[in-house]
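After this come two complexes, each holding chain A, first together with chain B and then together with chain C.
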Partner chain A sequence: MTTKNRPVYLDLKQFRFPIAAIMSVGHRASGVLMILAIPFLAYILDLSLAGPDGFAAVKTILDSLFIKLVLFVVLWAMLHHLLAGIRFLLIDFHMGVEKEIATKSAQAVMVAAPVLAVLIGLIL
Partner chain B sequence: MSRQASGLRAWALQRISAAYLGLYLIYMLGHLSFNAPESFEAWRTYVADPGVSIGMLLFVVALLIHAWVGIRDVLIDYVHPIMARVTLLSLFAIGFVGCGLWFAKAIFLASVAA
Partner chain C sequence: MKFFVYRYNPDVDTAPHMQEYDVEVTRGMMLRDALMEIKRQDESFAFRHSCGEGVCGSDAVNANGKNMLGCTTPVVELKEPVNVRPLPGRPVIRDLVVDMSQFYQQYRAVKPYLIHKDPLPEQEILQSPEDRDKLDGLYECIMCGCCSTSCPSFWWNPDKFHGPQALLQAWRFLADSRDQATEERLDDLEGPYKLFRCHTIMNCVESCPKSLNPTKAIGKIKELMLKHSI
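On to the complex of A and B.
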């Protein structure tokens, strides 16, 4: 196979990453992070429904500072994933495809996700 | 599953499941923010409501489909040695099915006990 001998130039430090690319990587990274949280969610739901003791245990777990910090990061990931997903859906329907608007909406996702995460985190 | 979840079908599944997940998450965040269950009995009664149970089970199905299509794309993009890829895909598939059964058990038992 001659194709295997083609030169490959993949020095990541030499690439320019526009905001839309960073936001898109964030969409993937947040998705993978949330997948890792699925077993924890199953554990918490099962424990909370196991009985009054389990319900109290879940309250204790969710009150710990470490878990709160982890859940804040997951909440941020979720909102980033949701907003970026809505943006991708709109682009699927040919809305906001133009470079300028796509850059603006990518910036909006990057800013809105952590801001919303803080607001919702304060309520919860 | 892999063959069913590729190409146009995976593309469509990802978007349909995304719509349900997004709407459900907004509802759940609102519910937990303003109507958080105070006691075990209140929580179990809420989950045992048929509308809530079915909504939750649908959420689990949509979540696992969405997670499977997503992780499959990521692994195909970044993990090239075929044995490593197949091993990781298998581990995620088994993990997802296991978690799905775990969720289902919790939701069903809440309905039976109430």
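On to the complex of A and C.
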């Protein structure tokens, strides 16, 4: 029997993703975001090291609310990627691979990453 | 109780649509019972089912976005209106009936049977109770397809990635003390796709109606591969 040209139900808006899957998507997205942030961060670092004028210029750039928001998102991405990465590593070592624990650890990553990002943001 | 059911008849329809049905809920009614009631109301509706008690694995569907067995899901646990769709990512033959050929091909590819190279003993091949225990949580798979069709890696590469169901079975035979083809089985799983497309998303674990854990089995295969390579 041929099933070519048949419809396929694969509507990601209708599919209900468990928290672990959403966390996993976040792991990928945060990785991509960090890569995209590298040129900007490298530019800022280069400028700040260019001399007193450059340092002052960087200071005014970093004072802008928009840039602060961007940096917060990058920080959140980094923490999410780090925590999710540790979770994946532990699962590779057969730790927390059971359904209940994997769900709880995914929830923990989702909550801890933004909370830590806010805390670190406040300290800095 | 209101149901919206995915309908597609290849002879008549150009595209699938959702059709509304109203089902009177009776005590202890399972989703399968509701689908049978819908079929009584509208005999053009098609879905697969057989044993009615979570053993045959025929009536896996996607209800309210999650894969589940119709026969083991009480309708009262589902939020109204209930949206019933076929398993995701599979070509639809008609209504909730999907083409599972690729899923079976992946199962076949892992050689889901004992390979014994020594001459067979006159009676059965004995196994210690401890070795038998290693098969618990593996042999219970009913091949309903809930796991593989909820796996994003399987959605994008159903032809190359074995999928959680087949990999659970690959481990079931690797873990069996009576099997003697460990090296060949591990060699067959090498490469970027068959096994290693798994990204530990764990949708399989979430959706398995028998509470099995393919992610754990995949981890064990990787560990055994590592042990054999050093």
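Points to keep in mind about this one:
Note that in this section the second predicted complex is superposed on the first by the 116 of 124 C-alpha atoms of A that agree within 3 Å, B and C clash if a C-alpha of one lies under 4 Å from a C-alpha of the other, contacts with A are read in each partner's own complex, and residues count from 1 in each chain.
Here is the rule we use: a contact is a pair of C-beta atoms (placed from the backbone, for glycine too) under 8 Å apart; a residue touches a chain by one contact, two chains touch by 3 or more.
Everything numeric in this text was worked out from a predicted model, so none of it was measured.
Of the two partner chains placed by superposition, A:115 touches none, neither chain B nor chain C.
Legend: residue contacts after superposition of the two complexes on their common chain; A:92 is shown touching both chain B and chain C.
After overlaying the two complexes on the shared chain, residue contacts for A:10 are found with chain C alone; chain B is out of touch.
Touch criterion met: A:45 reaches chain B, while chain C stays clear of it. Applying the stated contact rule after C-alpha superposition, one finds that A:62 touches neither chain B nor chain C. Once the two complexes are overlaid on the shared chain, A:124 sits against chain B while remaining clear of chain C. Within the superposed three-chain model, A:70 lies out of touch with both chain B and chain C [touch as defined at top]. Shared-chain residue A:102: touches chain C; no touch with chain B.
By the touch criterion stated above, A:24 is placed in contact with chain C alone, chain B being left untouched. Contacts of chain A with chain B, set against its contacts with chain C after fitting on chain A, overlap at residues 92. The touching residues of chain C, counted against chain A in their complex, run 6, 8, 10, 15-16, 62, 64-66, 83, 85-93, 99, 101, 150, 152, 155, 199-203, 205-206, 211, 213, 215-216, 219-220, 222-223. Contact residues of chain B toward chain A in the complex are 15, 18, 22, 25, 29, 32-33, 36, 39-41, 43-44, 47, 63, 67, 70-71, 74, 92, 95-96, 99, 102-103, 105-107, 109-110. Listing the residues of chain A that touch chain B in their complex gives 28, 31-32, 34-35, 38-39, 42-43, 45-46, 48-52, 54-56, 78, 82, 85-86, 89, 92, 120, 123-124. Chain A meets chain C in the complex at residues 1, 3-4, 6-11, 14-18, 20-21, 24, 88, 91-92, 94, 97-99, 102-103.
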